[in-house]
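Read from first to last, the chains carry the letters A, B, C and D; within each, the first residue is number 1.
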Amino acid sequence: MSNPSTERILNGEHSYLTIDGRIGGVVLDQRKHPLPWYVTFAIGFGLLQVMMLAFTWLLYKGVGIWGINIPVGWGFAIINFVWWIGIGHAGTLISAILLLMRQLWRNSINRFAEAMTLFAVMCAGLFPLLHTGRPWVAYWLFPYPSVLGVWPQFRSPLVWDVFAVSTYMTVSALFWYIGLIPDFATMRDKARNRLAQIVFGILSMGWRGSAGHWFRYETAYLILAGLSTPLVLSVHSIVSFDFAVSIIPGWHTTIFPPYFVAGAIYAGFAMVLILAIPIRAWYGLKDFITMRHLDWMAKFMLGTGLVVFYGYLMEAFYAWYSGNKYEQYMMMNRWVGPYAPLYWALIVCNGITPQFLWSPKVRRNLAMLFTISVVVSIGMWLERFMIVVESLHRDFLPSSWGMYAGTIWDWATFIGTIGFFTFNMFLFIRFVPMINMFEMKDLLHKITGRVPAQAITQRAHEAAELAEERA
Amino acid sequence: MSSKNDTNITQRDVLQRLKDRLAGRKGPEYWRSLEELAGSPEFQRFVEDEFPNRSSLLEAMKMDRRSFLTLMGSSIALAGLAGCRFLPAEKIVPYVQAPEDLIPGVPVYYATAAVILGYGVGILVESHEGRPTKIEGNPGHPASLGSTDALVQATLLDLYDPERSQNVSKKGQAATWDAFFAEARKTLASLPAGGEGLRILTGTVTSPTLAAQISEVLRKYPAARWHQYEPAADHNARAGAVAAFGKPVQAIYHLDKAARVLTLDADFLGQPPSNIRYARDFAERRRVRRGATEMNRLYAVESTPGITGAMADHRWALRPGEIEAIARAIAAGIGVRMGADAHQATYPWVDAVARDLAAHHGASVVIPGAGQPPAVHALAYAMNQALGAVGSTVRFVEPVEATPVDHLASLKELVADMRAHRVRALLILGGNPVYTAPADLEFADALASVPFSVHLGRYDDETAATCLWHLAESHYLEAWSDVRAFDGTASIVQPLIQPLYSSRSAHEVLAGLLGDPIPGLEIVKNHWRAGFAGPDARFEDAWRKWLNDGVIPGTAAKPVTVPDAKVPAPTPVVADGYDVIFRPDPNLVDGTFANNAWLMELPRPLTKLTWDNAALMSPAMAVRLGLATREKAYVANNQVVELSYKGRKLKAPLFILPGHADNCVTLHLGWGRTRGGSVCAGKGVNAYSLQTSDAPDYGSGLQIAPTQDRYELVSTHYHSAIDMEGRHPVLWRTFDEYQRSGYAPVAGDEESTPSESMFRTPPEYANYDGYAWGMSIDLNVCIGCNACVVACQAENNIPVVGKDQVSRGREMYWIRIDRYYQGTTEADLENPVTFFEPVPCMQCELAPCEPVCPVGATTHSHEGLNQMVYNRCVGTRYCSNNCPYKVRRFNFYKFSAGQPNNAPGNYDNPTYKLMANPNVTVRGRGVMEKCTYCVQRINEARIKAKEQNRTIRDGEIQTACQQVCPTKAITFGNIHDAGAEVSRQKQEPAKFVLLGDLNTRPRTTYLAKFRNPNPEIGTEKSLE
Amino acid sequence: MAQVFPRSANTLARVSLFCVVAGPLAILLTGSAITRSGFNTKVDVPLDQPVPFSHEHHVNELGIDCRYCHTSVTKSSFAGIPPTYTCMSCHSQIWTNSPLLKPVRDSLATGEPLQWVRVNKLPDFVYFDHSIHINRGINCNVCHGPVHRMQLTYKGKPFFMSFCVNCHRNPEGYLRPREDVFNLYVKYQRGDISAEDRRMLDDPDYVPSPAQVAKGKQLVKEYGIKKAQLTDCWICHR
Amino acid sequence: MDKRDKSQLYGLLAEFGDAEEIVVAAGKAREAGYTRLDAFTPFPVHGLPEAIGFRDVLVPWLIFIGGVCGALAGFGLQYWINAVDYPMDVGGRPFVTWPSFIPVTFECTVLFAAFAAVIGMLMLNGLPRPHHPLFNSDRFGRASQDRFFLCIEARDPRFDGAATRRFLEELGALSVEEVPA
C-alpha cells in the first residue's frame, strides 16, 4: 500500500451487509475460529491458573511471600497496579476523547480498545486489594455506617484510588455496554440460532433503532464521552498522587500527574497495537483496521513518548535545581546506584526506541511496530519499578537503607495477571462483536452517502412546517 | 481423693508426688499433664502456701483469664474480627480461695537478683498473677542502680524457653530425681575412704550458701576436690593481682570520680557483671549541659572494636601483644619505677596521655582489659598507685569469689586427673565445660573416662550429652538462692514462680547428695540464719527486709590495703604471622546465652551482625589479603576464610570491621554449638575449637587462607555508612569548641525545623492543656549497649523473626541503635570515629505517616502521641513508606506465631504466652506496629493519678527503654511542664532534631554528642 | 423475523433490571441488621451457668453490695469473679443443702474451681479499666444493663465500639457522684431514688434528661475529665 | 376498516433502501398529516428525528442533576465525617482539609452523572422492551442491519388501512406490510 497517511480508513468494496457479515460473523459462526485463537487462549488460561495459585498462596501465608520489606514497603503489587491502570487509559481515550474530536478513524478500534480498558482495570484492581496485609478487611476503605463508628481517612490517596478506580471501572463498563446495545440488536436479528437470539435479545434490551432511540442514545453517548474524558485524566493523576503526596525523594514531585497520564496513554497505545496487529490479520479485518489506523496510533505513541521522556529529564532537572540533598542523591542513585542498569534500560526503552517512529517506513512495518510496542510496554513497567522501588530503597537515613528484589511469587502474580488479561480479551473476541458495526455502517454511509445531510435536514424542516400549517 | 482435713502431707511431699507423676514427661505433653493435675487437691493446697507468688503456675494455667486472652485471643481477633463479633464462647474461672494480697489485673513487683556469670545484679521483677513478665533494675542495688543490660533483660526469655531441659535423664533416657539420688548416694558410699575420686566442677561461685554447701561436702569427703572454670571470667586480673601484690585482691573502679580514664583493651562499658554500674558512673562525668565546665576524657587502646572504644575521645587500635609495651611506656611516663627495662615510648601520643593522666592526680584511672596478660594488669595497678588513684577512683577489696583460684589451672588439673583415671565421680554444677574448655585439653574425651559423671544444667548441651546423668537446673527466677554482686554485696535470690519443669537448683542437688533433702528456701534461709547475729525473731524481720530490699546490708567486700605493686619483667612480644583474638560475644558471652533468641537476633553493637559470628578484621588487612578491594573495603562481602592456628583449622565467614587492629583477627566465643537447643545449634563457628589453654585470650601464629566458599552474613546495617552520605543524622562538637562558642546552639539552619507550617493544627489539639509527652535522648552518654532494644522487646511483646527474615530487612525492633562512622579517608577507615544513635518512633507532631493511612489506623492523640491502632490496620504499609525515620515495623507473616519458619521466642507457644505482657496486644499477621512511648505505662499512670486526684509526677512514667538505660541517656516526660527534666533538656543548646529540615516536628529530640580530645594529641574539628 | 420473546418478557425484563440494582442493596441492609441484632450481639440472651445465680435476688432483694463479690472492681481493670469461698461464706450457713448449690459445695470440697460462662466479653485489643470508670461515678448498669433486675445474668448492652464511643463523647449523661455508684442500688431498694436514676438503672435504652446532662457537666468539671481526650484511640487500644 | 381489526393491527411498516429515502419519506408522511409515525434505522440518520418531528431535551438535564447530586453527596460525606462525626488530628492537618476532598468529590460527580445518563436514556427510550409488536414483522429484523423502515401506527387518527398503504407505496417503499398488534 502507498503512503499510509493518505490511505483510507475503510478499504474494500463494502455494503452494510458485508460489514455485518465480516464482523458479526466472527461471533455467529463459532466454527471457523483461527488456530492462533486456540493457542493464545490456552496460554492465557494456563497463566490464569498461575495467578490463582499465587493469590491462594498469598492469602494463606501473607504478603511475606513477596520481596517487600522495610524500607521498600511497596513492590511488584503497586508497580503492576500502576502499569495495568495505565494500559487501560488508551481505551477510554480512543472511545471518548477521539469521539469528542470527531475522529472518524476511532470507529474501528474503539470497541476492543474499551474491552482492553475493562480487562486491564480488572487486573489493576486486584493489586490494591491483595497487597494489603489483611485483604479480608480491605472493605474498610469504603465508607459505610459500621458498628465501629469509624470511617475511612479521606486525606489518604489510597482512598482516592478506591473511588477513582471503582468509578473508572463502572463508567467504562457502562460506556462499553451502551456502545454494544445496537450491535447486540443486530446480532439478535442476524442470529439463526435460538440460544443466540435469546442471549442477544436480552442483551439488546429490545433495541429497535427508532429515530427517538437514536436521538437520546447519541446525546447520552456524547455526554458520557464528555464525562469520561476528565475521568480518565483524573484517574491516573490520582494514581500519581499515591506518590506525589508523600515526602519520599523521587515521589514528592508536582510533575507526576501529567507525566503519569502521558505515560498511561503511551503504554495503552502500545498495548492496543500489540493486540490489533495480530488480530486484524487472524480475522481478516484489514479493511476496517487499516494501515492508516496503525499509523495514527504509532504517531500517538511517538507524541506521548516524547512527553514521558520530557518527564524523565525534568525529574533530573528538578533534582539539581531544588538544591535538596536528598533529591540530588536520589537522582545520582538512579544513575549510578545498584539499580542503575534498570534506569538506563528504561531510558532506552521509553526514550530512545519510540524515536524510530519518526520514520514512516518504520510506522508501516508491522513487525517493527509490534516490537516497538512490546519494548515500550516493558519500558513502562521499568518506569514504575524505578519510581516505586528506587525511591524507597534509599531515602533519608542511611542506617535504614535496603534492597529489593521480587520473589518467584511476585513474578507469578505479574505473569498471572497477564494471563487473566489475555483470557478475558480472547473470550471477548469470540463472543462479542469486536468492532462497532453500526458505527462502521454509519462511517460507510458518511463516505458513500449520495445526499449531503444538510439538504435532508432542510427538506425535513419544510415538511414539518407544512404539516403544522395543515393542522 | 484426699480430704481437706488430712493435714499431715507436707508441701514437699505434695511437690514430690506431683513431680513423680510428671517424671519423664517432656515439653507440651508435660504442659497438658500439668493442666490435668492443676485441679487436684494436693496441688491446690500446694500452690496456696504462704507465698502467693508461687501459685502463679496454677493461675497461669487456669485462673488468669483476662490476661491470658489478651494473648491467645488477640491473634485471632487481629486476624480480622472487627468489633465484638463471633468471639468464641469461653469460660471464666475464679479461684477457689483467693491468695491474700493478689488483686487480679494488678501487677506485683518482687526484688531478687539476676545471676550473670556467677555474679548478682539486683532486679525488680514484674509479675502478673504470678507470671514474671518484665525485669527492671533495683535502684537499691549497687550493681544496678535501677538499670539493667541486654543480658539481664533477656534472662526472662531463658526462663520460659521451651527447649530448656525439663527433667532428669540418664544416658539420654528419661529418669527420675529419686532414681538419680539413689544411684548417686550409692556411688558416693562406694568411694574409697574420704571420698577419694569425687570431684565437683563449678563456674565462678559467689553464692555464700553454695560455697558453704560445697565446703560441707569437702568436709564430709576430705579427699574430694573442687574445681572451678568460668571461661568469661576476669582470670588475668586475679593473676595480675597475685603477681603485683602476692595475693588475689579485686580492683573496683569508681569512674564517677575519674576525670581521665585510660583503658588498656578493657571493655568496662560492655563486660558483665560490672558494666551496668561502671557505665552509670562513667556517664555521670560525661553529661554536658549548658555552662558545663568539665567533662571526663577517655583514652582507649584496644584491638577489637568495642563500645568502650567507640565512646573514647582518643582511640588507638593495636595488636593485643603491643599493648603491654604501650602500658610500660605510659607507666614510665607517669613515674612508675620501672627498673632497668623501662620501655621507650613507641608512639608520639604516649607522653601526652601520660602527662594528662598525671595532671589529674587522684582523679584519673587506668583500667586493664580482661584479655590482657597479668603483666598488664600488674602495670595498671602500679600506674593507679602512682596516679594516687587508690582510694579514690580505684579500691582494692577482698575477692568476691568464694574461693579465688586460677580457673584454667584448676581445669587443667581436673583434666589431668581424669586422664589418669583418678576421678571416679564428677559433679558438674552448671556451665558447659565440654564446649567451653580450650580445644587442646580435649575435655570431652577425658570426661568420657569418668565412671559416674553428673551434669546439672539448664540445657541438654554438649556436656549433658557426654555425662552419664543430666539434671535439669532451675532458672534463677524459679529457685531460692543467694548471690554476691561484683562489689560483694549479697542478695537473696527469691523465685517468682514454681519451677516450670521438673528442675532443681544446685543447692537442692547438693543437699540431696548430702542426704538432707530440704527445699531451696530452707537451705538458703538456714545458711543466713546460722550466720545471723541475734535472736530468730529479729532474723525473720531482717529476712523479710532483705527480700523486700533485694540487698543484704553490710555484705560488700572489705577493702584491703595492698603493698606497692611489683612491676613484672616485660613479656617478649611474639608476632609471627597474624594474631587471633578470642573474645566473649557481646550478646552470648561464653555461650551461656546461646539459646536465647532475643540475644541471638540482637544486632551486635558495632558489626550489627545477627544470628552469626565471623572472623573480624580490619579493612587494610582484608585488602592486603586480597579478600576485598580498597573501594569496597568497608562493605561486608560473603567471603569465607580458613584460619589455621597451632595445627587446628577453622572455616569462618569474613567480616570487615573498620577500627579493628591491623594484622589480627577476632573470633567471638559462644557460637557454633552442636547441642543445647534449636536456637543456638549450628549457628556461627566455634572459636573454642582454636583456643588453647596456654593462650586463652589471644595468640600469634595465625594463618589465613581464602576459600571458594561463600556464606551470607546478615547485618541490620545494610549500609556500613562509613561517611554520613552528606547528611547529618548525628550532630557533634568538641567540648572545647562548645565552651568557646559560649554554648551556642549546635543545630545549624540546615538541621533545624522551619518555623512555618502549611496547615494550622486544630486548636483542640494545638492548644490542648493536658499532658504533652516528649522524649530526649542524650547521644553524649549513649554507649550503644542495646539494653533499650531488648527491654523494649520484652515490654512490648516484640517477636523474633529469624535470620532469613532479618536478611530481608524485616526485623521488628521498635527502637534500633544506628551506628555511624565518620570520615572517608583511609586513616578514618582504619580507625573511624563511631557514633551511636537510638532511633525509636519520633512521635512527630506533623506526622507524615498519618495522612496517608486510608483507614485512620494511625492518628494523633491530644497528648501528642502518634497512635497506631493494630486492630484497625489493613496493612497497606503506606505509613512506613512515608516515614522518613523508617521506625515502623510490619508483620509480613504472623511473626507472633513464629512464622514463617518457626522463629523461636514468639508468643503462641504455651510457655511464651506466660511471658507476654498482658497490657500490650500481641500483633497478628499483616498489621503495622511501632514504638508507642510505652502507652500502656502512660495509661496506667494516668488512671492511677486520676484516681488519686492528682497529676502525673515528673519521672513517674518511665518508658521501658528509659528505665533500662545504664547511662540514663533517655528521658521521658511532660513537655508542658517546664520543670520536667525532659523540658529542661529540650531547652539545651545541644538539642537537635533528627531530619529537622523535614518539618515533621518530632516529640523525640536529641542532645548532641560531645568529644573531649586532648589538644596536645591533635585537635579535631567537628563535622560542619 | 418472528418475536423472540413473549409479551410478558417486558415486565420480566424491567423487574429483573430493578433487582440487579436493588438486590445487592437489600443484602447489605440485611447484613447490617443482623450484625446489630441480638442474634449476633447476644444481648438479652441468658447463658447456661453451672449455678443459676440471680443478681436480682442478691442485689435487689438481699441488698448485697457489688463489691462483696466483685472485689477488685474499684482497684483493678478486672472486676473480679468471686472465689468459691465467697459464696460459701453465706451458703455454709443458709441453703446449706440446696441442690442448686451443689456445684459450689463440690468446688469447695474438691478444690476444683467453678467454671462460669463468660457473659461480658471485650475483644482482646480493647483495654477497659473498671476502676477508673467506677471512680468517675459510672454506674455498673450503664454498660451492663439492668443487672439488679436479672434473674439469670445476660449481656445488657452490645459492646460495639460505637456504644463505647457514644458515652466517651458525651459522658455528662452518665456521670454520677462517686458515692452513688453502688449507693443507687440501696436507694433503689429503699425506693427513695430519683426518677432519672431509676430510669438509668432500669431502662436499657436510657436517654439522659437535660437536667442530668447539666448536672453531668458540673461533674465533668469536678472530676477534671478531659472530654476531648476520651475519644483518642490509645485510651482503649494499645 | 372497522374498529375491531384496527385494534388488532399495530400499524403499517414500509421498508426503504437507504437513509436519504427514509428521511424524505418521513417528511412526506408528516406533510400528509400523519402524527403517530416512527422510523427505524440500523444507524443514527441525521435529520430523521426532525423529519418525524421528534424533540426531547430531558437526557442532558437528568445527567446534570445526577452530577450535582454526586458532588454534594461526595463532599458532604467527607465534610460530615471529618468535621462532625469523628474529627481527628491526622498529621496535624485541620479537620476539614478541603483540597484533599476534591478527588473523591469529583469521582462521585462523574459516577452519579454516568448512571443518570445510562438509566435516563434507557428509561426514556422505554427500554428494556424485548417484546414489541414490530418484532411480529418478518422483515423488521433488517432494521438493525441494512434496511430503513417507516411505520405509521394504526392509532393515528388519519390512519386508514388501504389509503395509508397506498400512500406508503407511492413514497417508493420497497415493501409495505401490516404489523399485527
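Keep in mind that, in the parts below, contacts are C-beta pairs under 8 Å (C-beta built on N, C-alpha and C of every residue); 3 or more make two chains touch, one makes a residue touch a chain.
These figures come from a predicted structure and were not determined experimentally.
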item: Per-chain Cα centre nearest the global Cα centre, belonging to chain; value: B
item: A-B against A-D, pair bridged by the larger set of C-beta contacts; value: A-D
item: Chain C and chain D, separation of their C-alpha mean positions in angstrom; value: 58
item: Distance from the mean Cα position of chain D to that of chain A, given in whole angstrom; value: 29
item: Chain B-chain D separation of Cα centroids, rounded to whole Å; value: 81
item: Two or more partner chains touched - positions in chain B; value: 83, 764, 848, 851, 856, 859, 861-862, 872
item: Interface hub residues of chain C, defined as touching at least two other chains; value: 1, 4-5, 10, 13, 35, 158, 160-161, 165
item: Junction residues of chain D, two or more chains touched; value: 86, 90-91, 93, 97, 100, 128-131, 141
item: Of chain C, residues touching chain D in the complex; value: 1-10, 13-14, 17, 165, 231
item: Chain B residues touching chain D - in the complex, by the definition given at the top; value: 757, 759-762, 764-765, 844-851, 856, 859-862, 1001
item: Sites on chain B touched by chain A in the complex; value: 79-80, 82-83, 717-719, 721, 724-727, 729, 805, 808-810, 816, 818-820, 837, 839, 848, 851-856, 859, 872-878, 880-882, 884-886, 888-894, 899-900, 925-928, 994-995, 998
item: In the complex, chain D residues that touch chain B; value: 87-95, 97, 100
item: Contact footprint of chain C on chain B as seen in their complex; value: 1, 3-4, 39-41, 44-45, 62-63, 65-66, 69-74, 77-78, 81, 83-87, 89-98, 103-106, 764, 768, 770, 859, 861-863, 865, 867, 869-872, 919-921, 932, 935-936, 939, 943, 946-947, 949
